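Both complexes shown next keep chain A, but they swap its partner, so chain B is in the first and chain C is in the second.
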Partner chain A sequence: MAVKIIKSKNFVETDFVESLAEVPVEEYKPWPENDKLKIVGKPVSRIDAYEKVSGTASYTTDKFLPNMVYGKILRSPHPNAILKNLNTEKAEKLEGVLKILSFKNCPEISWYYDTSLLFDKNLRYQGDEVACVAAISERIALEALKLIEVEYETLPFVTTASEAMMSESPKVHGWGNILDGKPDTYVRGDVEKGFNEADQIIEEEFNTQVVVHNPTEVHCSLANWDDDKLTIWDSTQAIFSVRDTVAASLKIPSSKVRVIKKFMGGGFGSKLEAGKHTIMAALISRDIGKPVFISVDRKEMNLAVGNRPDSNQKLKIGVKKDGTITALSHISYGSVGAYPDSAGCSWPLKTIYLCPNVKTEEYSVLTNSGRSRAMRAPGHVQGTFALEAIIDDAAEKIGMDPLEFRLKNYAETDQVFNVPYTSKKLKDAYLKGAEIIRWKRRNKTPGSQNSEVKNGIGMATQIWWGGGGPPAYAALKLNRDSSINVFAGSQDLGTGTYTFIAQVAAEVLEIPVEKIKVDIGDTDFPYCPLSGGSMTAPSVAPAIRDAAEQMKGKLISAAAAILNLPEEELMYSQGLVSSIKEKDKKISITEIVSKTRNRELITNGAREKNPDGYATNSFGVQFADVSVDTLTGKVKVNKIAAAYDIGRTLNPKTLYNQIHGGIIQGLGYALFEERLLDRKTGKVLTTNLHSYKIPTIKDAPEIEIAIVSQFDPLNSSIGVKGVGEPAIIPTAAAIGNAVYNAIGKRIRSLPITPDKIIKALYS
Partner chain B sequence: MNDKSSPRKFSRRKFVQGVSTTIIGSYVLTPGVSKISEKLEAETKEIASGKKPLNLIVNKVRYELMISPETTLAEVLRNELKLTGTKLICNHGECGGCTVLLNGEAIYSCQMLALDAGEKEVTTIEGLLTGEELHPIQKAFVEHDGLQCGYCTPGQIIAAQAILLKNSQPSKEEILTGMSGNLCRCAAYPNILKSVLAAAGYLTEGTNR
Partner chain C sequence: MKFEYHQPKNLKEAGKYLLLNNSIPFSGGTDILALMKDGIVNPDHVVNLKTIDGLSDIKFETGKGLSIGALVKIKEISQNQMIAENFPVLKIAASEIASPQLRNMGTVGGNLCQRPRCMYFRDDFDCIRKGGGTCYAFEGFNKYHCIIGGGPCYIVHPSDLAVALLALDAAVIIYSDGKQKQIPIDDFYILPESDAMSETILKPGEFVTGIFIPELKSEARSTYFKFKERDVWDFAIVSVAAIIRKNNGIIEWGSFAFGGVAPKPWLDNAFNKSIAGIRVASGSIENVVTKAFDNAQPLQLNSYKIPLVRNILRRVITQLSA
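Moving on, here comes the complex of A and B:
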């Protein structure tokens, strides 16, 4: 099979990543619409559901090895402190304690882009790592933590971005509190000119809160050495990143590290990077010669393993009477916590609506609090809330229907890169969503209902990348009984990776899904990208197709040799290779494989390259129907209608489920989720699932979904675009706009809690 | 063997000594006592570790265990019996991940001391199967995709089982209330509801989206 190496540029979360990738030379025609397919696009039950419902699915927390010991981490109780002294003597004497790792005995391992160390004496947030104890039981390890004597020199601290921006404020790092010392800026056209051309200019300020991923499975790793080979079971979205970070940290070759993850209890972005606990487990395990399991608890989950940064956003929009947007500007400040990360949230504003004059400034600000990490559509969720509110307000100002206003400013091409989209069916999504929610019912005059409980309808648009790309590989093994094993170093976060892989292989080879065994989540398998950025399906599915198509080719050439017929005369269908001319000349794949001496046939598939000169994005819209109780201030979301262009649907069953999940998480973000940090003490107040509220089954609204796309004809031979992130992006914005439509007052800060509604209504 | 038939008495001094040296799970640890007869040493170990006998019936199997009194039922299920279907998500009685049946009632096993479950019937997710055959509720969760990552799923299924054991014809409201103590961060809620409705016989085949 011919392959070639190319330079490939893909979007990973919010960055373009350029890499060399091996891609197939041969390119396959895109499949037709799903109703012409047999297995892809059908509601196939998850192939890993049995393990999950029977309790036998082994997550990292469920892995036990003989002799395994447990590690627990001591964390700084202060928002900013210097570690003066550490006395571990008493803790070491505790029966059952095997090792205590701290700055005293740990090699210097650089962390957070060289701004800190694995164990650093500068502790910059409540939760920063001080020491790690390994003991024969978790309880002993926890007991030992209490016996460690620590002397801290506490320092002044800053907890909010606005405070941190002031010159006299304490500095989180010597180099200042603004990442890179300046904002990330973007300019298109001339905004001043644009605002001068406008008939109306609207300026508004929005605030969004910090929220925490809180996946159900805590972050955890189990490390075990055999001689110089290290195996790590890890609850991670990125097995290869973990492998490489561990190898670099321990200064050992990547080939000596194997990372395994078969099942994981969610990630939502928090598990995209190797955790400090993973390195600690590997170091201690090497030292004591026993497997070491380190997990964090729910409090640590809420302090130290990431969050969605908050935002303060100042938006300005210029519009003409006819609805043309003449200029947009955006300045945002977001606190990324104590170590570098990005809090930018301008992207939706740069691209969704047609506008020649755009200017954005994104400040990522450091504060003495837990560092942010990518969280399901980082930046876009915050940015879309503000953008879609001001878009509605602009429409109202010029007396235009918000939907009509959006259609008027519809962008046919990507305005940042000035290239066409591989596909864009947002218009269809708008119309479909409006039909489902019955848009015409909305209050022409917001807040005009006279009842105690007021209803409202609102909408919001989303854009995300989600086109995936190379490199992504898969190996396929065809066995004598015509069953198939697929091996790919991808991850299933609960997103259905196992299942779509089986479906794609089954579709190409026209055999039942039950005959396909999928094995993923192991760095010993062919490389696949991390599972983030909604790029798993669009990257991996085409590689599976390539491997399966090659297998077809192999079967035909083997059949040609066996049947003594030229290859061109043979065709493959449903497990049989037969002659086109003489119908009775045929041979089954079982016979073909049996006749080969190696008992199996193997192929390797690769993801093809993305087309040059195009952008691939997913598009969607959500419409919210809400009721607001004007006496209690409580918002009830009655229904969300979601219409999406996400290319090809691989599996409606898992797809709809994933969209439900995004919407309901978005609802939590809109109405009640919030990490509260006490500004006086610098400590987090919401450290458990009682105080940090996540949606329950009772919060779930009615959800109706429409997929308006068949497939993306250009992005890949499968034509699927990722949906994980698109699902959450517009929810809070749609709910915010619906609340405005109900009560006629704009709540410009999230979450939209009853007190804010009451204040808006009665003050 | 239960508490009452326990053959030994132990002195307050030894008890304190034991607890202070090893405040732990079920590991037998050597206390700081030396030069005593082997038998005495063995006994001392047990006393020093503060262990107590526990007679637990899990999924119809009887287990005789020695455990530290502070061990929770969830810890015994997961660490001792390796029944890891029961998950610890919060370990604080806030999420329902550790839900098991105790004499047919749903309880949070992270909030119950294992000793308090002595002589009672515990059913975990593993206990719902017959051989390799899934229970109808489990089948409903597969068919209606009542899960994503699956980590909360054992707790959800056990909670559903508790509802249906009490009332085979629950109203939708009763189902929602019964399930509201089980958090699902993936928010597979619409399909969880659908799965429970199907298990109660309210849905017909083919409505699997």
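Moving on, here comes the complex of A and C:
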């Protein structure tokens, strides 16, 4: 099939990325709605369920190689210090210690966008890497860490964005504490004019906390060299990014590096970039000639592998009496920790509601704490909490129902790029969600219930990207027994990538899912994008369809040669190629493949390009039903109703799993989770899962899900939009609004803990 | 980490091993193993008490009371029918501890002797409780710390069982110097002003062998309210153990104990006295409750515990006197 190379612009996590991509010239007609499909859209059980349930699924932490040794990392205990001296003599003498890597013997490897090194003498947060010990056991490596003598010169430090913004504060880097020296700004229309036109102006300030990804599986890498070829087994969301970072760091060609990730216990964005530990494992392994495994422990997980930045947000909204929004402005400050990253959170405010006059300023501020990384819908989760609170408050101020207010200000097009959406069914989601939660029962006057335990209902809207795009490739191999191998360099984070790939191939070729063996998570396979930005399914599924459709074409052409019939007279159905005219002239795929010389057929598929002149976004809404115990301040989330436009449902089981996970994680963000930093010492206090409180299953609410979309008709021939991030975005905002509806007091900082509610009610 | 592991056959041997320098007892391990892994406790000797016979029984003698061995699992207390009938406060407290997995492993003795959860104590801060010179919580993150009885250290005691046992006027049985003796539980725990590095009176060579709870009069009603932020696997923000006897709409007698408010399970004798003789239907309960903890000295972030503990008292008294 003909292909061409195009410039493709896709949204990846926090920014648009332009790349060259190979795409098919011809495009397939979109599939009809799921009712007319046989396998896609059906609740197919995970094809890797047996491995996961039986324990045979090999995660990176399970990987074991002969002669494997273990690495452990020494980290700075200080928030800001200079490494004056390092003495590893005693540690090296400990029996079983094989290698100690530090600034003394490690080449200078650039890190964090050239602001630091793999081993830097400037240690800018508690957790910055000082040295790495490899030993024959993890226990010995840990013992050796204690024997390393380090001399630190401690320096003054800053822990909060507001402190870091002051001119007299210590600078994390020589160049100042505001990233790029200025905020990211955006202006549309004339906000002053807009506020002048308003009947009511509401100004509010919100704060959100730092939270940590804390996936079940810790970050870990196993590195092994054979000759000049390096293989890395890694717990990663991005095998190709790890490959390229490792190759660049070691100054070797990418072709010499192979990265493998078969199963993973979660990432949530923290595993989108190569870890320092991965490079250390590769360096030490090359040096000592043994496989090196390095994993971090739970404390390191809470110090040094990323987090969601906090935010201080100042919002202003102008509204007319009839509910028209005339202007919106947003200033946000977020701490990205000690090295560059983005803490912006204005996007939802720029796009969700119809508003001609918008102004935003987003400050990303450096502090002496662990650097942030993309975390499940970076920016949107913080931004949506504040935006959806002030939207509710504005509606109340003009005496309008919050749902009606949102419908009144519904945006039909993307207001930033001034283009239509490929599809937007948010209105349907609003109505469906309101019906499930029975919106009409909400308190007309917030806090008006006369009882110890007060109930409330709140809602919040979600927007995200998630349309995916090229490049994404897949190879299909049809075997003689009519089974199929799929090879694609994608990743399954636990979300169900394996299963939807099998479903798409099975749908096209009309054969059972059991016939399809899916191999992913290997850089030796055709390229697929990293698994972040909710773009795995929308990028990869169309490539699988392309490869499978081509396979159908190959089978017809092979059958034509065998049966001596023109291709146009043949049709493919359920594993058989048959003549349209004479029904008894037919041949099975097993027969076709057996008759070919190579005894297998191979095709390569590619993701088609995104349509020009459109934006693809997912939309959704969550409604929360909560009870607040006014004696204790405890919030119980009784139910979340979630209604989404995510294009086509590939598999309701894995789709619902992702939404459940997002809601429970969002509930943790709303009510429990907070990375606490001691301001006097600059040290993290929540370094284990006792003090860092993730929700348990007992805290999880009833969840009811409605998908209001059939498929996106323009984005791709599959029409699926990603759901990984949309699932978490509106949860905290919906809970916050429901708490307000229950008690009539607005808690403007997250998490909404009992002490804050008690203070609001009793002081 | 290197230590010598001892498996004593009887109390005497255990006492001998526990006299060795830097020696700790070990039973369920749910707390001590974490303390060792985190480097908070670095023992030279670990003494496994599970090899000692006779510390795993629950015995009830009518007219006397209830004896529970130190090695009885928390789960057994939470599931024991006789305890549920006679000492509901104890059953509820046990059921509220940690998670099912931890209740299956944790023992009564270990629960009473567990170390505090203060985040500074549990991490690499050289705090007063570890022999350092500073209480980092005093001017730091003290939302979970004590509102009464603090200084120079401001922990709260984490045990739920201890609070219930304090309301039940129980005694802790300890092995000391060749014999077992009963110590009233209020005397078993100490405040940081007397020793900031220990939560109990136990000295080297001493260890808990069990508890004794005097029989409750049958008309007494009791309950335990544990307020935690998360629904499971969380320590008490504030907890109240309550026992009352009511007659003709009058609370004749009440015994209350508090958790999450002080460095030891907290008893307020004045409060217990003031609750006796009040009429349920009158406004007297409100008068008594609003005076509770009026001598508290909250830190910067924990004054919410005062309305919280009063609200819980309201709820508990209303529930028991209904």
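What we mean here is this: the second predicted complex is superposed on the first by the 763 of 763 C-alpha atoms of A that agree within 3 Å, B and C clash if a C-alpha of one lies under 4 Å from a C-alpha of the other, contacts with A are read in each partner's own complex, and residues count from 1 in each chain.
Everything that follows uses one rule, which is that a residue touches a chain if its C-beta (ideal position, glycine included) is under 8 Å from a C-beta of that chain, and two chains touch if they have at least 3 such contacts.
From a predicted model like this one, the values you see are computed outputs, not experimental measurements.
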| item | value |
| --- | --- |
| Fit or clash between chain C and chain B when superposed on chain A | fit |
| Which superposed partner A:686 touches (first chain B, second chain C, both, neither) | second |
| Partner chain in contact with A:136 - chain B first, chain C second, else both or neither | first |
| Residue contacts with chain A in the superposition, chain B compared against chain C | B |
| First (chain B), second (chain C), both or neither touched by A:77 | second |
| Contacts of A:321 with chain B and chain C, given as first, second, both or neither | neither |
| Contacts of A:595 with chain B and chain C, given as first, second, both or neither | neither |
| Partner chain(s) touched by A:9 [first = chain B, second = chain C, both, neither] | neither |
| Touched partner set for A:440, first chain B, second chain C, both or neither | neither |
| First (chain B), second (chain C), both or neither touched by A:90 | neither |
| Touched partner set for A:38, first chain B, second chain C, both or neither | neither |
| Least C-alpha distance (whole Å) that remains between chain C and chain B when both complexes are overlaid | 5 |
| Contacts on chain A seen with chain B and repeated with chain C across the two complexes | 143, 688, 690, 695-696, 698-699 |
| Contact footprint of chain C on chain A as seen in their complex | 77, 143, 452, 631-634, 671-672, 676, 678-681, 683, 685-688, 690-691, 693, 695-696, 698-699, 753-755, 758-759, 762 |
| Chain C residues within the chain A interface of the complex | 1, 99, 117, 119-120, 122-125, 136, 139-141, 143, 227, 229-234, 237, 301-302, 304, 307-308, 311-312, 314-315 |
| Chain B residues within the chain A interface of the complex | 21-25, 27, 29-31, 70, 78, 82-92, 94-95, 97, 124-126, 128-129, 134, 138-139, 141-143, 145, 147-154, 157, 176-177, 179-180, 182-193, 208-209 |
| List of chain A residues in touch with chain B within their complex | 43, 45-46, 48-59, 61-62, 64, 95-96, 136-140, 143, 213-218, 263-266, 268, 297-298, 493-495, 652-654, 656-658, 660-665, 688-690, 694-700, 703 |
